[in-house]
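By letter and in written order, the chains are A, B, C and D; residue numbering begins at 1 in each of them.
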Amino acid sequence: MTGPLTPDRLAETMKAYGVIEQVRKNRIRITTAPDKVHDTIRTVQVMFGFDRLITISAADNGRSLELIYHLTGPHRMVVSIAVELERAQPAMPTTTDILPPAGIYERQIHDLFGIVFTGNPHMKRIMLNEDWPADEYPLRKDWKPDPDTFYGGIKGERS
Amino acid sequence: MTDPVSGLIYVFIFPGFLFLFIYALFLAFLDRKIAARMQQRVGPPFFQPFADFIKVLGKEVIDPAGVDRVVFDAAPLVALAAVMTAFLYVPVTGNSPLAFQGDLVVVLYLLSLPTLVLFLLGWLSRNIFSAIGGIRAVTQLFIYEVPFFLALLTPALMAGTWSVSEIVLWQQKNLWFVFLQPIGFIVALVGLQAKLERRPFDIPEAETEIVAGPWTELTGRRLAVMDLTIDLSLVVGSALVAALFLGGPLIPWAIAPAWLEGIIGFLLFLIKTLAVLLILSSIKVATGRIRIDQLNDIGWKYIAGASIVQVGIVLVMNYLWVYA
Amino acid sequence: MPEVVIPIGPHHPALKEPVNFRIIADGEKIVRLELDLSYNHRGVEKAAEQRDFIRVLPLLERVCGICSHSHATAFAKGIEEIMQIGIPPRARYIRTIIAELERMHSHLLWLGVAAHLIGFDTLFMWTWRDREAVQDTLEEMSGNRVHYNINEIGGVRCDLTPSQVNAALARLPLLEERVNTYVDMVNSEETLLIRFRGVGRLSKEEALRYGTVGPTARASGIDYDTRKDDPYLAYSEAPWNVVTDSNGDVFGRTRVRVRELQESLKIVRFCLENLPEGPIRVPAPKNAPKGEILSRYEAPRGELAHFIRTNGTDRVERIDIRTPTLANWTSVAMCLVNRNIADIPVIVAAIDPCLSCTSRITLVDNQTQKAGVIGFDELIRRYRSRNPEEV
Amino acid sequence: MSVLREMFENLLSRPITILYPKEKVPIPAAFRGRIAIADDKCIGCSKCSLVCPAQVITMVDGPRNVEFRGKNLARKKRPQVKLYKCIRCGLCERHCPAGAITLKHELSGSGTDREVVVT
């Protein structure tokens, strides 16, 4: 760790893990493959001291489902590790063992997007009420509230 | 008692139940008004406690499932009866005609009955919150009971008699006990605040933790009666402390017409109980609730210690007094 | 007493908003707990995808009652960055003033509620009386005490007239004096100390590991404050410093919040006194170009992260709101174990939970006592076994 | 116990709470209250109904000619607001070019029929 961390020094070492792009003054975005996410986060945590997970955001861009891990550290830089999963069978190894708060976000993303996180200790339903149909994931683009089902007490009329 | 009519009036009308009922509601109003004004709020109108009592009396009585209705109705009445009879022995306009040797112990016993009733109610209502509240009520009872009794018995020790009226007579001749036993006075006030389960010690009905403790399942007339009991015991408690430490309703020099002395005695009684109430209200406003284990440490270390020290001092003074 | 399950249920006097705890207690000690949220989940993120940029701001303001300006500003500043339009300095100052006024009214509200939870109603009445001065200022500036709706893409909806500025400045001295009394009251008042000190202690490593944010983290010595780390609006120009504390317990969090009140007062005074002249809005285009941004904002409860993705239309393709309370829930669960029941409200209130924010996306604590699912200590054992050098 | 000193000061001073029906709280200038539509200024451009987040403004036909910035227009439609569904956010007032729709200082009151309409 020679001297303060600079974006290009981080970009340099992380080149091995995937496509790098400089989003803003202090932000790096790395796009990697699903199986490499775990050790990308590991190296970033250990080598560059990114000790805090800001959030895991999930998005559905029509073609595939995307997951972005945002981490920050005492040097105030933000690294976003993005990964793309195909729509049919979205699955990801869990990161709860290295990021305890990740257990929270993964379960919420699982409820809303249906991305399965293999290895998460307890994949209990958290967000949607108990009688929510199991295979419906509301935040996917192709999900529309169909009028006659009952969503937790409210008829699914179109907003 | 000379003739039955004045006895009946004494028990039921003047310094008896009717006066106690009105004065209790007035003190409850005053307590809430002082607390409100200290927090820069307007506070309730003077008839608010009476209106609450009538309203709650009229509310529907809900029996929780599987609860023994008879005992659930009877328990609050037992507490009410206990506190009312305790008031008969406290001197209001001069010595109470019913006084007898040892009525101080009777009053103290009757005053601690409501807490036991609260525990019974908590346990009876089969609700987890009231069970915990009941246990906390009894735990608190054990913590403050010993120092409270000690603090109230030291005046009896010094006055050499076990009757409240005779203690008041003794104070008429010599100094008030508040000057002779200041520590006892403070411990008595703290104990009274704990007995009435008021702010720093309202652990049993801590509404932000266990909903309302033993009071959770009380509805309708049961709640009205229990609330009235707590207001009554506020009057009885402050009257007792006023009698034992502030000299009660008697003035040192006698005045010719007997009825004038009675009136002045009654005014003195009012003033002294209001003074005690002011102290209790300001304690209530100035503090927040402490936890049951903290009460345990404070209770046994400081309050019990203080009352034992006070007893020691009184013994020494008695010894010197006798041989001086 | 055998192990007893106490439902501190969705409707409970200690909780301002619906959250459900199933506490497994042995006597007064809490052995395990199961926490379940999402009782007022309203699908704000799905609804936000169907509204254009003008109509989405009032919706985002209603994500949370107390930090409404935070959500609107975080979204607006994210979209403005994607559109690459710079808002005029006057608009930046007005947004900062409203943001800091909201932080003050949120912290004063919290101080009152925390005092009420331990039964100290006097402080509750006094703090909420002084909060009225902040609320009146906000109502004069924006027309409403809660949902100010002052933000727009490209600037601010209405201007601050000189009379409003002077009225606000006139209220500051009394507020400063009152806040100073609260600072020494929090440090010296025995009734607060006895119930707050040593309760729910979080060490610096634990706070970092559980991902706590805002005053909860700063009370354990972590100096993360998005206003300093990633300056936005007028925070780089105003003279203020990050407030941290070393105690880490509820007492530390109270001190941090009360001293943050003093900092906010300094910022508001600075912004009011040198409010730059000039326009308050810049005409914003109807559609936003394709792009994505992680817009970070320091809400009263902690760091708020809006992940916004746009696809060239006038609507947002995806908005992922991670609220500060969500990040703090893990630390609450970890602090509650083997504490007293009497401490539940205090510890829960210490992170100043804002459930309507969180319920939009929720969390359940990761220790459930159902059969087959590992309990809390087992989780920690597995965590330690996997990376010995970490812990 | 600094609390004691302040408590007894308060005990003797006037309470700060305002008894609402007798004393009224002053309403600030920017207060957003009941919605009001000035029919003479409205040019029927339906910008308000497009902008309304709660979508409670519907355009009903109301032919009238209106004088706007020196020109004389014959407008065809005018706005109609469901009073009890309006969230009083002030966006219509902000986006109306003719300043026809404004939020007054009175409160919108309450009622049972949610479809009550203000024209």
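Here, a residue touches a chain if its C-beta (ideal position, glycine included) is under 8 Å from a C-beta of that chain, and two chains touch if they have at least 3 such contacts.
Keep in mind it's a predicted model, so treat the numbers as computed, not measured.
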{"item": "Lowest number of touching-chain links that must be crossed from chain A to chain D", "value": "2"}
{"item": "Pair joined by more contacting C-beta pairs (C-D or B-D)", "value": "C-D"}
{"item": "Distance from the mean Cα position of chain D to that of chain C, given in whole angstrom", "value": "30"}
{"item": "Rounded Å distance, chain B centre to chain D centre (Cα mean)", "value": "56"}
{"item": "Chain B and chain C: spacing of chain centres that average the CA atoms, whole Å", "value": "45"}
{"item": "Cα-centroid distance, chain A relative to chain C, in whole angstrom", "value": "23"}
{"item": "Chain B residues counted as touching two or more neighbouring chains", "value": "38-41, 285-286"}
{"item": "Residues of chain C engaged with two or more neighbouring chains", "value": "122-123, 126, 129, 191"}
{"item": "For chain A, residues that touch 2 or more chains besides their own", "value": "none"}
{"item": "List of chain D residues in touch with chain C within their complex", "value": "1-3, 6-7, 16, 28-32, 51-53, 87-91, 94-95, 103"}
{"item": "Interfacial residue positions of chain B with respect to chain D in the complex", "value": "34, 36-43, 282, 285-286"}
{"item": "Complex interface listing, chain A residues touching chain C", "value": "26-27, 51-55, 57-61, 68, 70, 72, 76, 78, 80, 96-101, 103-105, 107-108, 112, 121-122, 124, 126-129, 138-139, 159"}
{"item": "In the complex with chain A, residue positions of chain C that touch it", "value": "36-38, 41, 43, 45-47, 50, 208-211, 224, 229-230, 292, 294, 296, 303, 305, 307, 309, 311, 317-318, 320, 322, 326-327, 329-330, 361-364, 366, 368, 373-374, 379, 382-383, 386-387, 390"}
{"item": "Residue numbers on chain C that touch chain B, as the complex places them", "value": "1, 4, 6-7, 12-14, 28, 115-123, 125-126, 129, 191-192, 194-195, 340-345"}
